[in-house]
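What follows is a set of structures to go through.
Both complexes shown next keep chain A, but they swap its partner, so chain B is in the first and chain C is in the second.
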Partner chain A sequence: MTKGILVFAHNNRDIDYAKLALYSARLATEHLKLPVSLVTDTSTIEWMKECGTYDRSTELFDKILTVERPAPTNYRKLNDGKEPSRVLFTNQTRHKSFEITPYDKTLVIDADYLIFNDNLNAYWDLEQDVILAKNVYDLSGQDRFQYLDSYISETGIDLKWATTFMFTKNEKSKIFFETVKNILENNEIFSQIFRYNYMQFRNDIAFSVANHICNGFQEVSNYTLPAITVTLDKDKLVDVSNESATFLINDASGSRLGDYFACSVKNTNVHIMNKKSLERLVSRQI
Partner chain B sequence: MSFGYLLFVNTKHQSHEYLLNAYACALSIKNTQREGYDKVALVIDKEWLLEPLTNDWVFDKVIEWGEKEGWDGRSYMDKLTPWDETVCLDADVLLTHDFSHWIDYLSDTFELFLPSKAYTYRGEVITSDYYRKTFTANKLPNFYSLFTYFKKESPLATDFFTLNRSIIDNPKEFANMFLTDHKPKVIGTDEAFALSAKILGIDTDITHNLNFPRIVHLKPMIQNWPWPANKVSDHVGFYLNDNCELKIGNYQQNGVIHYNEKTLITKELISILEHKAWKKTF
Partner chain C sequence: MNPEFQKALDFSKYQQTLNVKIQNLQDRAQSNLTLGYNGGLFLVDQTLIAFVKTLIDFKRIADVVLLDSNQKPILIADLNDFQTEILDRYFTVTNQYLEEYSQIKKQRSVEKLLDD
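== the complex of A and B ==
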């Protein structure tokens, strides 16, 4: 049974996701000792060739797989520290993990998820078709999450996280990903039934709803991947190495956005929401 | 050895909706419990009130009794039950699955049993004491009387219900002595049961920490919502399909549903329950 990792990257004018994927793949390869494949689109590949990262990618990635780039319809607000911006969010291809993966068992990670340890290797042998992450943890210890970081809506189901997920390629996981696809294609209808905000398509919500449906509309005690340690987009990544990352954390107790304190993490996987700051550092390292 | 459920309806201080609630509860028992575990007895102050019900056969025994008003009659459950072993349910309860295996377990393990855990409609254990300040302040065991199992001949149950009747008959005296840190406006069945168990020192003997019976408690302020709510039904829908499977919001229910809102039992819902009861029985 083959095992491997998928990273998705669809560039836009604001963020070079391919560059982030290259970095996160390097860390994943180093710590998990498994092949990593890139899922991207032809326009992103063209840009990679133009900016000189494609050759490095062919060396690092096990395979470079292409899918059709979705129409640019999904946007979101992202901060770079205290600078807000509205950016394109090309995340509508994640359900294709099932059909495109070259592996029997696959771990999918976000391009901005940095792996600094081998903890995820402990989950390969679990007998569960799809394993999602259930909890998030604020790296700063300030618990800056809100109600809708725990539930998809005020009266709705638990929010799971698609930042990391693992699946075995079989008939049951196929149904799961077809359900995610169905939600993507009928997002407005599902948002009425499950009462979430459909203005921005989120894989976290689509995966949560699919998981809930596949579990018979109940919370069941399934295995989950480890809690995802998160830094928010108000935080700034200031240094990163093979084992550690250092941040300036936005102080939630302060009255003004822009008050920061330093925080460092070692041997702990981190999801970095401030993609701009990650991109700046990664550019130097690549 | 006979087993059955016991329901109380007293129309003097309770609205007639309670009878409809008890009727729905009895139908849900008939629809979900297997033979031998599906008997229902009703204690009601006016038996003639049953006449308009289409299927009053769902009450295997009807006991006309009106000596106590409102919920106070429930402290006489040990005297009134026609069964050797009884689960006394609140009228505003629906059973959604076959729980006969629970009854077997309770019968093997307890003389008297009260659940000490309840869940939201989303399946989360309720930790809020919004409606239970008296319990927290006076360190009462967190019992839910809406599902009370007991053996009729049990001395323990007899002691428990005897003391309980004293509490219900002398609420001020007991409150002044035992509930000094937070006196409830009225000592309800939950408070009286908890206090009885505490005084008798049996609070750990008559419950367990397991996840059943799975009581889903639908009072609005304990649903872990981010805002205050007056009624659960203002915010989530109740959906009963033709097979009497119940969804609340986006959650399939598989427990003992204590819905609280008496008006939730509509004619349409009754009709669905009746239809299944007919199909199952005849």
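== the complex of A and C ==
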């Protein structure tokens, strides 16, 4: 049974996700010792060729797989430290993981999820078709998350995270991904049934709803992937190596945005919400 | 600003960095103590180690069913092999935890904590 990792990257004018994917794939290969394939689109590949990262990508990635780029309709607010901006969010292809993966068992990670240890290897042999992450952990220890980071809405079901997920290619997982696709295509209707905000499409919500439906509309005690350690977009990544990352953390106890304290993590997987700061550092390393 | 108060604020920043480091170490140790075995997932802690030892003392060694961390029944063909694996994992992780914790406790500045 083959095992491998997928990373999705659809560039936009603000963020070079392909560059982030190149870096996260390098770390994943090094620590999990498994092949990594890139899922992207033709315009992103053209940009990779233009900026000189394509050759490196063909060496590093097991396969470079293309999907159709979705229409630019989904936007979100993202900070780079204390600087806010509104950026395109091209995340509507994640349900294609099932049909496009070349592996029997697949781990999917966000391009801004950095793997610094092999803990995820403990989950490959679990007898569960789809395994999602249930919890997030604020690296700062300040618990800066809100209610909507635990539930899809004020009256909704538990929120699962699509930052990392694992699946076995079989009929049951096919149903799961088809449900995610159905939610994507009928987001407004599902948002009324499950009472969430549909203005911005989030895979986390679509996966949570699909998981709930596929579990018989019940919360069941399935296996979940390890809690995702997160730094917020108000934080800044200032250094990264093969085994550690150093941050300036926005101090929630401080009176204003821009009050920071420093911290570092070693051998701990971490999701970097400040993609711009990751891109700056990665550019120097590729 | 009063220099004494500035000193307290500087110490507070150091303490924040230290707290994150220690919490991160704890989480990492906990995560490293999670063992995938025969299709199940086990948290290698004192309870599991003691229970496995008890079963072995009662000569229940071959084809033993254990409930994993998700309360799923997992068949363990040879409990001696399983015991060897969980003890190895436990001591590897806790020794590393102790070593890194001792290093961190010695550091007296934010810079040194970040370097460590």
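Keep in mind that, in the parts below, the second predicted complex is superposed on the first by the 286 of 286 C-alpha atoms of A that agree within 3 Å, B and C clash if a C-alpha of one lies under 4 Å from a C-alpha of the other, contacts with A are read in each partner's own complex, and residues count from 1 in each chain.
Simple rule for what comes next: a contact is a pair of C-beta atoms (placed from the backbone, for glycine too) under 8 Å apart; a residue touches a chain by one contact, two chains touch by 3 or more.
Predicted model, so just to flag it, every value in this text is computed and none were measured.
J.: Put the two structures on top of each other at chain A: do chain B and chain C fit, or clash?
T.: Aligned on chain A, chain B and chain C fit with no clash.
J.: So, does A:Tyr137 touch the first partner chain B, the second partner chain C, both, or neither?
T.: Only chain C is touched by A:Tyr137; chain B is not.
J.: With chain A's C-alpha centre as vertex, what's the angle to chain B and chain C, nearest 10 degrees?
T.: 70
J.: One more residue to check, A:Pro70. First (chain B), second (chain C), both or neither?
T.: neither
J.: Once chain A of both complexes is superposed, is A:Pro102 in touch with chain B (first), chain C (second), both, or neither?
T.: neither
J.: Look at A:Asp251 in the shared chain and tell me whether it touches chain B only, chain C only, both, or neither; answer first, second, both or neither.
T.: In the superposed model, A:Asp251 contacts chain C only, not chain B.
J.: More chain A residues touched by chain B or by chain C?
T.: Partner with more touched residues of chain A: C.
J.: With both complexes superposed on chain A, which partner does A:Val265 reach: first (chain B), second (chain C), both or neither?
T.: In the superposition, A:Val265 contacts chain C only.
J.: Who does A:Tyr123 touch here: chain B (first), chain C (second), both, or neither?
T.: A:Tyr123: touches chain C, not chain B.
J.: So after superposition, what is the minimum Cα distance from chain B to chain C, given in Å?
T.: Nearest C-alpha atoms of the two chains are 13 Å apart.
J.: What is the shared patch of chain A, the residues that chain B and chain C both contact?
T.: Touching chain B and chain C on chain A: no residues.
J.: Show me the residue ranges of chain A that touch chain B in the complex, using the header's touch definition.
T.: 147, 154-158, 193-194, 212, 216-219
J.: Touching chain C in the complex: which residues of chain A?
T.: 117, 119, 121-127, 137, 139-141, 221-223, 226-227, 229, 246, 249, 251, 261-268
J.: Enumerate the contact residues on chain B facing chain A in the complex.
T.: By the definition above, chain B touches chain A via 122-123, 223, 225-227, 235-236, 247, 249-252, 254.
J.: What does chain C use to touch chain A in their complex?
T.: 13, 16-17, 19-21, 23-24, 27-28, 31-32, 34-36, 38-41, 70-71, 100, 110, 113-114
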